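Below is one structure, written out as structure tokens; comments come after it.
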Amino acid sequence: DEQFFPIPSYRVGPYGANGEAFYGGFVDYLNYVNMKNGGINGVKITWEECETEYNNAKGVECYERLKSKAKASAGPIHTMSTGISYALVDKSAQDKLPLAMMGYGRTDAVDGSVFPYAFPLITTYQMQASAIVKFIKDKEKGSLEGKKIVFLYHDSAYGKEPIVALEAESRLNKFNLVQIPVAHPGNEQGAQWLKIRQEKPDYVIFWGWGVMNQTALKAAQKVGFPRDKIIGSWWAGSEEDTVPAGDAAKGYMSATWNVAGKNVPLITDIEKVVYGAGQGNVKDKSKLGTILYNRGVSAAVVSVEAIYKAQEKYGKGKGMNGEQVRWGLENLNVTDARLKALGATGLLPEVKTSCSNHEGSGKVKIQQWDGAKWVPVSDWIEGNKSLIHPLFEASAKQYAKEKGITPRDCSKEK
Amino acid sequence: MQFFFEILIGGLLSGVMYSLVALGFVLIYKASGVFNFAQGAMVYFAALSVVGCMEKGAPLWLALILAFFIMLLFGMATERFVLRKMVNQAPISLFMATIGLTFFVEGFAPLVWGHSVRGLDIGIVDEPIESILDSFGIVVSRFDLVAALIAGLLVTGLALFFQYTRVGRALRAVADDHQAALSIGIPLERIWAIVWGVAGFVALVAGMLWGARNGVQFALTFTALKALPVLILGGFTSVPGAIVGGLIIGASEKLAEVYIPPVMQSVFGGNFGGIEGWFPYVLALVFLLFRPEGLFGEKHIDRV
Amino acid sequence: MTAHIAAAPGADYLSINNIEVIYDHVILVLKGVSLTVPKGKIVALLGANGAGKTTTLKAISNLLHAERGDVTKGSVEFKGGRVDQLTPSDLVRQGVIQVMEGRHCFGHLSIEENLLTGAYTQSLSRGQLNEQLEKVYHYFPRLKTRRKSQAGYTSGGEQQMCAIGRALMANPEMILLDEPSMGLAPQIVEEIFEIVKDLNARENVSFLLAEQNTMVALRYADFGYILESGRIVMEGAADELRNNEDVKEFYLGLSSAGRKSFRDVKHYRRRKRWLS
Amino acid sequence: MARQIGEVIVDLQNISLRFGGVKALTDISFNIREHEIRAIIGPNGAGKSSMLNVINGVYHPQEGKIIYRGEERRKMEPYEAAGQGFARTFQNIALFKGMSVLDNLMTGRNLKMKATLVEQAFFWGRARNEELEHRKKVEEVIDFLEIQHIRKTPVGRLPYGLQKRVELGRALAAEPNLLLLDEPMAGMNVEEKQDMCRFILDVNDQFGTTIVLIEHDMGVVMDISDRVVVLDYGKKIGDGVPDEVKNNPEVIAAYLGTQH
Amino acid sequence: MFYREAGQFKTSYGADQQILPIRQDRIGMVVLLAVAFLGVPLFASEYWFSAILIPFLIFALAALGLNILTGYAGQLSLGSAAFMAVGAYAAYNFQLRVEGMPILVSFLLGGVTAAGVGILFGLPSLRIKGFYLAVATLAAQFFIVWCLTKFPWLSNNSSSGVISAQKIIIFGHEFSTPQEKYLLVLGIVVVLALAAKNLVRGNVGRSWMAVRDMDVAAEVIGFRIMRTKLTAFAVSSFYCGVAGALYAFCYLGSVEPDGFSLELSFKILFMIIIGGVGSILGSFIGAAFILLLPVFLDVLLPAVSRVLSLPVDGASISHIQTMIFGALIMFFLIVEPHGLARLWQIAKEKLRLWPFPH
């Protein structure tokens, strides 16, 4: 038997460099499982990539193409694009293919009763925003009252997702929130940073992607805004963002749900096993151990774990189809012990999902760029669940109404 | 008020960065009537070539020279394999061909030089000049000043070249009528190779500065989008127009970004930032209504 | 058809041998045209609209490619060497220049700049350039008064002069003139042909001119060819042609009864065809 | 002669036209009578084409009046002139290069077509009837000019002379009452000119169309026009019947030269 | 069978003015339509429907719209995607806000709204020409997309500006399978293509082409430039708008403003250039070409590299694809600047003369 992974990936275009690292790690891990364990309980993993260029229409086209091959067995689909995943949410549910959105996509899809096939695993933009606020609050000795925080964001679905959460937080913590959008692609931020300079905020929460990130750091330097007061989202916190910014990036912080570096045993093992055999997916080996590479590996780890889980229920040594994998994803329980067994301790947080919680963790770390590498500066921080969860539950309800979906009753799921 | 000036100066200086890219467009348009959409891709290619050479161990100056030759070669190849075969075609076909070229370069450049995002250090830090900051409280970046200086030099040189040299004149003739230019013995092939070479050089300068500013990566191709409104505002055929257009666009878009959204917000509610993306275009459009050929562009001649 | 003119000694200067031209891969326009221009002579190429005169000239100057036309058969020789594979600019350097039908001035350049571009191949000093310019202005005083105007805004006739003047700037040995008289006032037509004659006599420039104005053309030319539907149907010394009855009737509008008024011509009269 | 030359329909009074520093026309007055063939001659750059452009509203003179059928005409745009029955041809052929001969001629009839966009989209009702009815009219023009064989050819592919003829056809298709022709015979040989003259005379004769003609071939002008106006450097230097003009010394000096 | 018209005589102008005057062509068209409506639904796979055929038809429609503006009326535009966006959002809002609005009427109104916006952005074309206009249309492109993100009402206050299209129900029947959607799109596209063909061969079409080829002459003949250009903008935007609505409802299902990017506008422009500027058929051929080429390369390149066992990584393959795509575009422009439709026409002309070469 085989376990097929449809992979709509991107390695060219404006975000190609990021995609390359992420999908490189993803594919390397699949390869690693094949080489090291001979597959998932003996089921060989196969996959096919399709270039989306981070473009929605192309993403759909790829999905349709890959879908026909994913009849018999299908691993979770990672699009690594909020836009594409939005376009696929309905389709994938119809086709009974699980759609993973690890750290992006619709926040309200956490509500598995409305979105049975969509999995914003580990954590979502809104929880992340809340976690960042919590981190700042801790730094400010427990109170944000009267502080000013600028939210500088990519003016797209991605950048706008956390706004509700931040607004709720600002009401709760009584800080002053100033929202400043940046038009795509964000290679010019002169005005925004001069405005920030004028506003003199205590912190800048930064939701950038691609070239917008380097530009922001450079522009901050240009107006003399301290970098260690900027906290980026996890898509604004990779080597791809900081290295090109050079000195300007030093001290900059960002959230992440996976750590960087090769000191995770799993990463070194992949290097040994996969690259040792000349089967590595990325050409530029220096990408190994970078944030996005490791994130790709974590995404693959969770995906593979879901298939193990599914096999437990539906039969070991068999290829799992979309429905079965969906069940696996919904009943994940990746404990620290399991992570340790995989050699992935600390790479990602524990994940435990259920019908009503497709997120499974909601924890992030904050890391800081020391001029050469990312160093974690906090432990796993969990966002304010009681504040955030009602927000997206309401949104999910509205969605269900609009679409005429009758939510599943999660208490009946086992 | 101080804030206003800060924005204004910042805008003017970033406008210069747009001008640099616009200049490449103007060159090719003026000399061949081709609207070269690939200019942005050329900026990317040039910048990649520089960092590529540096990664292979060349010092900056050598990398620049090497990149220059690469761009020259690229220009010649473009002429040889594309333009030469499209002499006397409709402008729109040529335009499309340059979009094809854009794709080609966007695939080719990273294939050769790799596509990870890299920094480019040309030794000028992008920090506020202390003395100005202290005495006026205004942020002026050293880097931007240097860029402005370079742009100024380029513009002066090119403007003189076009107006007063034999080749410059021939270039303008070619833009008017390919076939007639051929008929009187202007060697289109060579002329185009020269222009594309020069445009490559301009792209290199732009790529170097933009690359140093934002990192060398695919997004450099988007610089073209910033240059287009500059281009129509200044006039497709005017070298000085590129610089003046750049200044106007740069300054006004920054001012607009800062001052318009609050106004709109008070009318409609909601957050209206990010108008930088379209403002230059709308500004240029409104401008064109009064001067359809841009500030300094040549008037379109149509007679019966 | 292949009969050559008893050319002056010194043999053929420019010769076209049996060329065939196809536009757009499908439209066959020239069906085997051969002609020669001896050195220092003026040869007229006559024929009705669409006969292929322009095409013939463009085939010589290699401007066809720019119109998606192709010489599919035959060859063109100049001074004994084949020139069909040269670029137009190389040909200009060798001394052959074409004045295109329909003027084609550079609209955005001033008249003077237009003329200066004509000297592109010549690498002249400032002084020589001015001398050259003066020569052209001497021939076309009207151009001098409009020297600073953008060519696009000058009148049709002025543009025609500009185009011819521009070609003269290249100091050519052989000029391919396509319908020089079109749109020009009568006395200018005479002037232009006088200039042709003058250049021919004084500087030994050879001419191949395509003309509709048969009367004038045959008066100034040494030889003539008549082209119809892509084939040469008649050739001979100019005065011979001028006295040929058919030519008289169909190209000169003269019948045995002398010139007929345009008012009296009947429209059912149809042209006699030599070939069909 | 069957046709009767009638009243003055267009009267141009003291027209002056400048382009920046260039004076194209200076204080020119002349008139055009119904049913006549009126020629305008003069050296190159004299302002002949500009005169036509003034008449049909492409240029607006800085000074002077245009009286049309007894009333002073306000500043009007070319399409309004077309609405009044002015049609013209151009010195540098201005055909619609991308269209077939038939379509070019059909454009001549646009002012008479009334079908709405939606009707046309479904080729239904009025649209269909109109198309067929006007096609019939256009076919008459085609027959008249003897261009049946090239009906469907894109005009860009036609030789120059035929293009000129098609352009005339386009003007005729509009059934104008004033036809302005700018060098319709340039670049034609004698035989073709004869044909063209025939067409012009027939139009004038059969439909009574008034014609203003610019032409450099003196044979043609002298043979077919009723009255000739002569311009030189933007000024009028002669006006009258052909024989008068031919013998006017000023005209001979400025334009005709000695040969004629 | 010979491709000849010999023996087919036209006895009326009506017959001569048919869209397809040659009998063989008419037969061909009937067969083609029969295959499209009956054959394809029987045999095509789901992948073909939703990844190839539906987008092909929708893009062909958008290309048709752009072709009307650029190819027929000569106004180069880089803003077609924005007009698609207007169509999509308008149709969505009509469905959302008007109780019981039939979906087809929504599509139509989407088109009409786009036409209105098109007229607005077409106004500058009265003074601005050529590439200046092209760049100026970018103002429409960026401005419209920005508006859609900035006025949340338009996307029913969805926090991210993304809209999910409503169900398609016509006379109580829900069009939910790709096959049904395909038939719906096909029907609409066929009707609109026919209408476009009628327009361009009628008086409006001639007015467009006249203004394109020589605006001064057109005005002298009596066309009013302003009205002509604005009609072209309106009709063109209408087509793009309907295409946009179909794009949202029948293809993607949910769209965000950023999806209607400049890139999409370019893609549509490519289609008409490659297919043939000023040709209805060209819009279809172009759309097919531009859509299928990447798919084809996607499948081909990895296969080739496998066969030759070249060690190319995924990124390189993607880069090579982009290169080939660009190179092919240049290649086609060099071979035939008038597009594939022209090649097809030349082929037909040759066929007519066959077996004689000229």
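Each chain carries a letter (A, B, C, D and E) given by its place in the written order, and its residues are counted from 1.
In this section, a contact is a pair of C-beta atoms (placed from the backbone, for glycine too) under 8 Å apart; a residue touches a chain by one contact, two chains touch by 3 or more.
Because the structure is predicted, anything quoted here is derived from the model rather than measured.
Distance from the centre of subunit D peaks at A, each centre being the average of the chain's Cα atoms. Comparing chain pairs B-C and B-E by the number of C-beta pairs in contact, the larger count belongs to B-E.
Using CA-based centroids throughout, the chain positioned farthest away from subunit C is A.
For the pair subunit B and subunit D, the distance between C-alpha centroids works out to 48 Å. Rounded to a whole number, the gap between the C-alpha centres of subunit A and subunit E is 36 angstrom.
In whole angstrom, the spacing between the mean C-alpha positions of subunit D and subunit E is 41. Multi-chain contact residues of subunit C (touching two or more other chains): 27, 153.
Multi-chain contact residues, meaning those touching two or more other chains, occur in subunit D at positions 49, 58, 90-92, 94. The set of subunit B residues touching two or more other chains comprises 106-107, 110, 115, 271, 274-275, 277-278, 303-304. The touching residues of subunit E, counted against subunit B in their complex, run 70, 76, 124, 127-132, 134-136, 138-139, 141-143, 146, 149-152, 215-217, 220, 262, 266, 269-270, 273, 277, 315-316, 318-330, 333-334, 337. In the complex of the two chains, the subunit B residues touching subunit C come out as 87-88, 166, 169-170, 172-173, 175-189, 237, 298, 301, 303.
By the touch rule above, subunit B contacts subunit A in their complex via residues 3, 6-7, 10-11, 14, 106-107, 110, 114-121, 125-128, 133, 139, 141, 143, 210, 213-219, 222-223, 226, 253-255, 257-258, 271, 273-278. By the touch rule above, subunit D contacts subunit E in their complex via residues 56, 58, 77-79, 81-83, 87-88, 90, 94-99, 103, 106-108, 110-111, 113, 115, 117, 120-123, 127, 130-132, 135-136, 139, 170, 174. Residues 61, 63, 65-67, 87-93, 97-100, 104-109, 113-114, 116-118, 120-121, 150, 152-153, 163, 166-167, 169-170 of subunit C touch subunit B in their complex.
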